Every structure is written in C-alpha cells, then in structure tokens.
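So that you can tell them apart, the chains are marked A, B, C and D in the order they are listed, and the count of residues begins at 1 in each.
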Amino acid sequence: MTEVIVLNGGSSSGKSGIVRCLQATLPDPWLAVGVDTLIEAMPASMRTSDAGIEFAPDGTVLVGPEFRLLEAAWIEGVAAMARAGARVIVDEVFLGGAASQQRWRKALDGLRVLWVGVRCESAIAAGREIARGDRITGMAASQADVVHQGVKYDVAVDTTKTEAMECARIIAAHVARSLPNTY
Amino acid sequence: MTEVIVLNGGSSSGKSGIVRCLQATLPDPWLAVGVDTLIEAMPASMRTSDAGIEFAPDGTVLVGPEFRLLEAAWIEGVAAMARAGARVIVDEVFLGGAASQQRWRKALDGLRVLWVGVRCESAIAAGREIARGDRITGMAASQADVVHQGVKYDVAVDTTKTEAMECARIIAAHVARSLPNTY
Amino acid sequence: MTEVIVLNGGSSSGKSGIVRCLQATLPDPWLAVGVDTLIEAMPASMRTSDAGIEFAPDGTVLVGPEFRLLEAAWIEGVAAMARAGARVIVDEVFLGGAASQQRWRKALDGLRVLWVGVRCESAIAAGREIARGDRITGMAASQADVVHQGVKYDVAVDTTKTEAMECARIIAAHVARSLPNTY
Amino acid sequence: MTEVIVLNGGSSSGKSGIVRCLQATLPDPWLAVGVDTLIEAMPASMRTSDAGIEFAPDGTVLVGPEFRLLEAAWIEGVAAMARAGARVIVDEVFLGGAASQQRWRKALDGLRVLWVGVRCESAIAAGREIARGDRITGMAASQADVVHQGVKYDVAVDTTKTEAMECARIIAAHVARSLPNTY
C-alpha cells in the first residue's frame, strides 16, 4: 500500500487542484504538504534574501543555502510523519530535476512512494498563471520543462486537456498497487 | 465602444479566471467587481441570517430582503462608476435568471454593455469546485443551468474545453464592436 | 442620520478591524469599501506600473495618473451607492492629506458624512505591520503622520492603547447625531 | 540553546502575530508551524465530520479520532524537523490542557523546549475575534482559560495590554538561556 505520493510539476501545472481531488477521492484521510507550505513556514525575510528564496521579476526562482538547510530538515520531518502512520501527499517543484528527486528518495527510504509527474503545456500553464492572478508572471513557462529533467515517475498525468479530478482518478488507481520506493 | 462587460455564470464556471485574463488582454485598464466583492463588503452577520444570504450545506444559496436592498444600491454604484468613466467588468451569478439580468439592464440604462454567458458542463464544474477547495460542495451543480434561464447574451463562451485565456480573447474581440445596451 | 462614515488612517493603524467592529455594532447593515477593495479591482498590471500604483521596497506608495482616473470614477460610484440608500463605511488612506479629503468631500456632496481619524503611534503601527506579516515593511511608519496633514475630523480615535471594538463604540456613538457633510 | 518554542493560547489571543515577530526578531531563521497548518493539510471532509474536527456555531471545537491519529503523526514529524536541525516555533491551542502538553512533551523528548503561555483577557480576545472577521464568533471566549489548565510554562505573556512585538522580545530573551525539556 502506498504511504507517500509525491507530485512534481511546474508552477500553475495544476498540482494543488489534483491534491485536493486526491484527498476527496482516496478512501483514507491523507495529509497534504508541499513547497508552498514550507515557504509560508519560513520567516518573511527568507523570501527576499540571497540566502533564502528569491522570486525574480521574470519568474525565475533562486534558492540560497539557508533555504536549503531548512528544507532538508523539513523533508526529514515529512518523512517522519509518514513513518509515524500518516499517509502524505507531497506537492513539489523539483527545480533541480533529478537531484531534487534524489533528496526526497533518500529521506523517504523504506517507505512505499508513488512518484507522479504533473505536466502541462508551457503556453497553457502560462495562461492559467494569468487567470489565477496570484503568481509572478513567468514562473509557469520557466518551470514547465526543467522540473522534469531526469526525473523518474510511476505515473504521469497531463493537465493540458485532462481535468484535475480525472488526473486524481488515474493516480488513485495506482495507489493500491504501488510497490516499495525503488527509484 | 463597450463600457461595461457583464459576465454571468454559475459558481466554479471559471468567470474569475476569465476576468483576470480580460484585464490582462484588453488595452485599457478595466475595473473588476462582482457578487463576491459585494458579499465581502457586507457585515459578517449578513452571511448567516435569513434576511441576508445563506449558503445551505447542499450548495443552495438563499437571498433575503436586506441583501437585496444593499445589492440594489451597490448595482447603482457600479453603474455610476461606469458613467463616471471607468470601464467595468461585472462578475455575476444570476440566481434569478432573466429577472436578475433585468435588474442590471435597468441600472445600466444608456451604457454600452456586452452581455457574456459563461457556461461549463455541470459535472466538470463540480469537479473544479472540489479542486478549488474553497467553495461549498454543490454550488457548482445547482447553479450550472439555472443562472442562464431566459438570459440573453451578445457572446457566450464555454469553459468545459476552452481555456480562460482563449475565452477572454473571444470576448475581447467583441468589445470593440459592441453596440448600446439593448436587452 | 449619518449616511457615510469615512475612516482615514495610515497602513496598519487598525482601520479594517474597526470597520468590522462597526459593522457588528451598528444596528443597520453597512457596506464596507476601501482603497484595498479598489486596488484588488484593478488589473494586476496597475500594481507595478508607473501609471498605476507602485509599492516601493521602503514602504513608500507612488500613485500614477491612470490609477487616479479609475479612483475618481470609483469614488463617484461609492457616493452613488450611498445616494441609492446603502449606508457605506469607507476605509481610506489619504496619501495626499487635505487634498485627498477634498476629493471625497466633493463626491459626497449632499450626503451626511462622519469623518473619522484613526491614529496609531508610528512605532506601534510598525510593530503591528511585522505581526501581520502581509504588508511591505515601512508602509506603517511612512504613512502614520502624513495621511492626517490638514484633514478635519468629526471624531478621532487612537488604536495605540484602545481596542478596535472600543474605537468602534466611540464612533458609533457619533453616528446617530452626525450632521450634513460640512467640511 | 532552545531548539523548539511552543506557544500555547486560545483563539484570537494573538499567537500568530507573536510568531511572526519572533521570526523577525530572532537572529537565526525559525520555521513556524501550528494547528492551523495541520488543519489546512487535512482533507476538507475532515473539517466537517464527526471523526475529524468540527467547529460548532457557538465556537466550540470538537476533535474526533481520525483527527487525533493524523495529529499524532504530524507532531512526530515536527519533532523530527527539530532533530534534523531546524529551529521550530509551534503555534498551538491545547484544547486538552495538561494532556495536550503531555503529548508534545513526549514527542519532543530530548529537545530543548521553551514553553510559552500566551494569555489574553476573554472579553478582549472576543473583541479581537470580531475585528479579525475570519473566525467563528465564540471560539476566543470558550478557549481563553481552558487551554491553560494544568499547563506549565517557562515564560508567560499577556497580549491584553502588551503588543505582539514586545511579547516577542520577552520570549526571545529566554531563548538563549533555555534548558533541556524538563516538563
């Protein structure tokens, strides 16, 4: 039985909607955490300093050493929640591609993980970013492809023409039969 | 030249996303107001009393006499903004169908209005309602059809398979050539 | 009987809390609008352009000509809501001091207005700005005094040592007996 | 050196403001988590079911068995974040008083914890609840005293007449010299 679902995709690819549909669809209660949760937990000053996380006006995201330290401890904490019995959905943006997946893989060692890729055509994601109105323009386009580089998935969905609820059903069908964390 | 754009559609039909795309697409700056703005402007007590607006657990929305009085004054105010020179986009849910449109038509008398219907298949809107996670489940399904009954439009869009940005472009193409308010 | 209450004070002086307490305290339902409502109604692009409104990193707010045009029409609209029978509370920041008040005074001509000054010691407001966590640091300090320059009030409250609910009660006591707009 | 700061206080006692001031005041970056974070991480259905958490119209909060299970795992996760090197501030409401503290004490075993009580006179907290406008009326009054029953603190602050920033400074002065978790 799957213990952790990790969703990876660029900004405005529709991950959060899929997470909420998964929580509504899956029979057990699942906790949902993610990089947005982490950023909100950090001091406001970390959102604007070189050492923390910076959102450039063109949508590029720069991550500094202090952010990485807190993030590493936070990832350990999320893994511990799963080991303590909570089923956890992680909503992530692998800015470092395969290297980011590797960080999670190590922390989740021994847990049964379902790795899910959430794709969306860059131009469509850029339009949805404007429709949302609460994100810096350019993040969607700059992240659409790079976050998937070298990342391995158990299942991939594409929100370009598939609704969040339908994506959640596809993912949920893989939850029951998932095997131990192998990537 | 269009002075007011009125978008009408059920909850979770995607109106707000279209509004933001319209604001980003149209060459002039447009003000966006709507029933959500109005509800936020009201006292908290109006959101739970019989005289105000009530959101039943099944998604039904009941509107009382005190709500209607404030709403009528608010509609007059929105019309006055347009007469004073602001281009205005109104994001509305015509719970009363044709009667609701009639209320706006009277208030907007003399202004050039583009009436836009925003449709979305009921089942799809219900799925998006869950994906948003901030609305009472059932509103999307209960409003999907009823808000369009007897309402006349200059242009209609359907978000079931059309992105918000594409809908905005379709509407924007009608803005230039719209005629005086005739419905 | 007062038809419009205009609250003026700097950022983080506690106006919004007083507004909500007024809405809960006053016997009739009052609509609450304000400069935050206006900014949200504007296109996102107006929040970053020279012609719109700019929030400098030091907390200074710069307002351009396109913002002023939309604002003027919006003020007319708010006045029209009051003339159409809605009691309205306006939550404002008079960046231009007496000149800002003059703009509202003209628009509200003929209506019975209660002008309320909301003060808060600059250092205390700056601390509350940090405690809120959703405002640019520096706005509270830079606005604390300048917004009151040359402005005339019917009643003034100071949130430095007075709770929002107590301020609301002081203001509410003036609502019944207020005279026609005379400033 | 303190590794975890646990703030306990009733709804609208001003904990979140103190947390943000602490994050701005303390020299190192601290992660802030709390019961609000946990509730947001849960499925929407948990917020309305008997097994989850229920907010009664009078402000009473009822917590069911499924909520307790997820909460227990989440607490383990927060402790693991601290053990992995993140300094963590926990923003909590000990609905069960001493029993709630005991749950955290066990999970935080071996970590240096600063236990902080955040008090606010019931009537003042109730007024601030109305001023905030986003909480169910009655929570502040019903929680003001009960959450402190039998709970032991290293330091206590009272927001009735003390600003959040001043409370943060008082707490910060205890951070440096705090001893290992002894309660």
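Just so it is clear, a contact is a pair of C-beta atoms (placed from the backbone, for glycine too) under 8 Å apart; a residue touches a chain by one contact, two chains touch by 3 or more.
Treat the numbers as computed from the prediction; the structure is a model and nothing was measured.
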| Homomeric contact chain A-chain B: same or different residue positions, threshold half | same
| message | Please tell me whether C-D or B-C has the greater number of C-beta pairs in contact. | response | B-C
| task | With chain centres taken as the means of their Cα atoms, state the distance from chain A to chain C in Å. | result | 40
| In whole angstrom, what separates the CA-based centres of chain C and chain D? | 33
| Rounded Å distance between chain B and chain C, as computed from the means of their C-alpha atoms | 27
| In chain B, residues with contacts to at least two other chains | 20, 24, 44, 133
| request: Could you pull out which chain D residues touch chain A in their complex? | output: 20, 23-24, 29-33, 37, 40-46, 52, 66, 69-70, 72-74, 76-86
| field | chain A - residues contacting chain B, complex | value | 14, 16-18, 20-21, 24, 124, 127-128, 130-133, 161, 163-166
